[in-house]
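One chain, chain A, appears in both complexes that follow, with chain B as partner in the first and chain C in the second.
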Partner chain A sequence: MPPALLTTSLVNTLQIGSLYALMALGITLTFSVMKLPNFAHAEFVSAGAYAALIISLAGVLNPLLIMAAAFVIGALAALLSHLLVFKPLEQRQVSFYTLILASFAIGLILRYLLFLLADSFNLFDLRIAIPLRILFRQDSLILSNLFAWAVPTSLLLVFLLTLLLNRSPLGREMRALANNPSLARVIGIPVERVKNATWLIVGGLAGVAGALWGMQTAVNPLMGWAAIISVFAAAILGGLSSFSGTILGAYVVAFSENTIMLFLNYSFSLDLAYKPAIPFIIIIAVLLIRPQGFSALLRRGGDLKR
Partner chain B sequence: MITVQNLTAGYGKLEILQDLSLSFAHGQFSAVLGPNGSGKSTLMKAIMGLNTVFGGAIALNGRELIGSATEAISALGIAYVPQRENIFDELTVRENLQLGMRRRPREQRASALQETLEIFPILGRRGSQRAGLLSGGEHQMLAIAIAWLGAPTLMLLDEPSAGLAPAVATDVFRSLQDLRGRGITLIVVEQNARRILRYCDYAFVLREGRLAFEGSAEACLQDEETIKGYLGVH
Partner chain C sequence: MFRKMLLLGLVLTLAAALVMPALAQDDMETYMLGVALPFTGSFGTFGQDFERGIDLAVAQMNAELAAAGSAIRFETVSADTEQTPEGASRAVQTIVQTTGAQVIVGPLTTAEVLGAKQFVDENGIVIVAMASSGPAASIPGDNIFRVIYPPDTFSSKAFATIALERGHANMVLLHVDDAFGNGMKEQFITNYQAQGGGEVATFAYAPQSTELSTEAAAVSAALAGFGDSAGFFCVCFPGAAEAFVQVAQIDPILTSVQWLGNEAMTSDEMLEDPGHAMTLANADFVTVSQSADTTPLTPIFEHDFVAMFDKDPGIFTNYAFDAANIAMLTMLAAGNDGAAVKSMLPFIANHYIGTAVQAFLDENGDQAIASYGIRQVLEDGSGFEVIGTYDGNNDTITYK
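Moving on to the complex of A and B:
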């Protein structure tokens, strides 16, 4: 593989891996604290992307304000999903499978609400309207101002989230709730408040991921759904419990989808159309060979492993 | 302090405690003894609202507890240390202790933590360790410390010495005596009667869901019939 191609694919890995990490951490957090594999997470991403698109079309071009809008809308979508659907179902003590199906249903509803919105105002496949500037160009490698926003922002948010979980009283209570829910209740942790806060954070980060994604590609109602299997693959690589494992998993998935795929294409003429199969292969392989993912390897005090 | 009247309780449709009446005195260290299946743990869970109560009454200082949620009961100052899953094993020892102090006013926390480390010095040395890696005795001490940090007036403990070596169990009972000395009322369920009777003040012996004996720890130890008949010789 020519070095220029390799470099480009590694840059893509870094960029996409950071976005996957931002989304996959939300999956890991909801699974640990709420015991819920939330497939509607995909639509929190899309909702954030549309919030970012609309506010940018309205003339707000400051990336920070755009991301703030995406955070608010993603957070609201997540909190409302919890209050209107997941919480009432949990109070009826429904099974794990009912909750998974409910998360698919919420995702479907949100997705088609976004379709309605996009159809009414002709908002399909538009890019968030921040002016594009090329910062660096060599051969096929192009680094834009959007890359300079997306990667550091994702990394910073991942870092802040880790800090929140490991150093703040709220994070401690979230981990306590993930670890032993009945003891958490007995010692007086305000379980509902902690859950609401968790949903706001998870949804907000998904929304920001959507905005960053929409700055680099284009916004459409299916964008979150298109990424969700890769994102779940990353979370499963983290054992759905380990934070550091999830972050590592996100980069492994992005590396496989970009660099390894490109290598297979270049060396063995494997068609690039096989790319979507990669996360499925990763999920199946992990579940068969090492269901705990990276979590046991990276175990530290701060992880969410039960 | 806590009065149980004509209590019938169990799990699902199964009645284990049968028309049980007894009362625990304020400031006392009481042991609840009896063979397996006699209803010792069922009594604790009934007080905490964790199982099915078919009839009767449980009152804390005259206030009825039956029908209240577990969180509400623990907010009244009753701490419960179950036999298993009584710590946050994925968090560090220090984080466990910090979580235990949630119910205390902020300005009390530093002194409460200091007092805890005086009662359980080993926990101070294990502060940054993951709680799941503690030894059996340290694990029980942490569970007791978490419960005590919630500033309870009454503590219920379900077999705190289960699975511990005799010397370690003795350490646990000594620390319970220490807590009693600091004004906490203690109710402890135990399998090993002879061992706890050397540390507690008062004993209740249950058999098949009914009260078979009650009296001071000394009287219980001297009552050969109770010891041999209901408790086995340890």
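Moving on to the complex of A and C:
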């Protein structure tokens, strides 16, 4: 594998892995606190991307403002999903499987609402209007302004989330809820308030990830769904209960899709069209070999369940 | 007595007034026209616009039939192919099983057409496709007619010739991994190497991919391996095309070679992004697509479309309009029966001049008239200009 190709693939790994991490943390948080593998998470990403697209088309080109708008819309989409669907279903004490089905249904509804929006205003396959430019170039190492936004933003948000989880009353309440919901209720933790806050954080992170993903690629109502299997693979690698494991999982998935895929293509002529199979392979391998993922290895770092 | 007669007359008149429309209604015959198109996915806008073109054709036909006193009327029933072969198969089956439609206008892509092929062949249903061009669907005797857009066996020759004229000793090709992309790849390699071209490195991307940085890195490395004389050919769908250019625009290799590409690279959205527009301009981007020449019917279609929908027709929407007209004219001649329509359709199509081009079908039921325009992006990236034409039937390129 030529060094230039290796370098490019590693840069892509860092950039895409950071975005996967932002998306996957929301899934881990939802699963840990709400006990729900939320497939509507994909549409929170798409909703954030559309918020970012629309505000950028309106002339706002400050990435911070764009990401803030995406955070708000993603957070609102997640909170409304909880208040209108998940919460009433939980009150009826429906089964785990019903909640999963409900998450699929919410995802479909949100996706087709985005289709309606995109069709009405011709917003298919557009890109968030932040010009891409090279910030640093040394031989084959090229870093763009998108890299400069995506990687630090993701790392900063992950850091803030870890701080929130470990150092704030809300974080303690979230961890208590993740460990034992019944006990958390008995000891007076305001469970509904904590859940609302969790959904806001989950949706907000997904929204920001959507904004950054929309700068990397083209925005359409299916973009979140197209990424969701890779994101789930990252969360499953993290054991669905560990922040640090999820982040590591995100980079492993991105490394597999980029560097390993390019190595296999270059060395063994394996078609790049097999790239979407990689997250499936990871999910099956983890579930078969090590269902707890990286969580046991990284027990000290940002775990929700301790 | 007179009063009784008058009363009886009034009653009979009233009864006739009430009964006759019902009788007339019973005499009316409705032909169902199935519409299977992608209403969701990256091609959702195409599907929705194509459906409007079909609705316009049906409205005009019904108005003419009513004016002529015909008892036949057309109705459409639509289903979403979801831009997948499986979705197309489901859509066609749903239409046929719920309405008994014998003729389907659509689907859009070759992969979708092939997805529905087994069902329509086994059940005697006729497909009239307007834009499918993959050689994989060029099959004699089946129930699929591709009446407007010629197969890529023609355009791939033009692309190969242009690549060699530009001095590309080797080529790197990125293509969607479906019937359309694979067909274009095989045809291009055959034609390119038959004319003396060298090696062609190919990379496929999965149709559902929305992020193509891995593919861009691989293409860049292959181009670097070939050296200065290599060119790049992109056979992508909308969405993927934008995603590829997005990551390619900061790649020093990809921005230093000349590009060829299919018409998905020439969307308005592509040039609205200044970075994308300049990337294509710097790459001297050239595309070959069916001629945009007009017929006397073209402006009439455009006027009627705006009048009915209060918006301009999208690219290739007139192809759907023409395909629907060929389907309906054939049904008027052959009746609402799949086998009869299959038998009659080539005759009708071969006598049809629509809004785009004269239809004339080959032994595979595909458009045989291959007239293309060669378009190059302007130096400032603000648009495209026609720099020549390609006559596929004589394999001749003529530059302006």
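The criterion applied here is as follows: the second predicted complex is superposed on the first by the 296 of 306 C-alpha atoms of A that agree within 3 Å, B and C clash if a C-alpha of one lies under 4 Å from a C-alpha of the other, contacts with A are read in each partner's own complex, and residues count from 1 in each chain.
Basically, contacts are C-beta pairs under 8 Å (C-beta built on N, C-alpha and C of every residue); 3 or more make two chains touch, one makes a residue touch a chain.
All figures in this text were calculated on a predicted structure; none of them were measured in a lab.
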(request) Give one word, clash or fit, describing how chain B and chain C relate on chain A after superposing. (result) fit
(message) Rounding to a multiple of 10°, what is the angle at chain A's Cα centre between the Cα centres of chain B and chain C in the superposition?
(response) 140
(request) Could you tell me if A:188 is touching chain B, chain C, both of them or neither one (first, second, both, neither)? (result) first
(message) Once chain A of both complexes is superposed, is A:105 in touch with chain B (first), chain C (second), both, or neither?
(response) neither
(request) Give the label of whichever partner, chain B or chain C, reaches more residues of chain A. (result) C
(request) Applying the touch criterion given at the start, work out whether A:58 contacts chain B, chain C, both or neither, answering first, second, both or neither. (result) neither
(request) Could you tell me if A:176 is touching chain B, chain C, both of them or neither one (first, second, both, neither)? (result) first
(message) Quick check for you: in the superposed arrangement, does A:285 touch first (chain B), second (chain C), both or neither?
(response) neither
(request) Enter the shortest inter-chain Cα distance between chain B and chain C once the structures share a common frame, rounded to whole Å. (result) 38
(request) Take the contacts of chain A with chain B and those with chain C, and give the residues found in both. (result) none
(request) Note which residues of chain A are touching chain C in the complex, please. (result) 2, 4-5, 8-9, 12, 15-16, 112, 115, 118-119, 122, 124-127, 129, 131-134, 142, 144, 213, 216-218, 220-223, 226-227, 257-258, 261-262, 265-266, 271-276
(request) Quick one: which bits of chain A touch chain B in the complex? Just the residue numbers, please. (result) 169, 172-173, 175-176, 178-180, 182-189, 301, 303-306
(request) Mind listing the chain B positions that touch chain A in their complex? (result) 70-71, 74-75, 79-80, 85-92, 95, 98-100, 102-103, 128, 130, 146-147, 150
(request) Using the touch rule from the top, collect the residues of chain C that touch chain A in their complex. (result) 40-42, 44-45, 48, 177, 203-206, 208-215, 217-218, 220-221, 224-225, 238-239, 242-243, 246-247, 249-252, 267, 269, 272-276
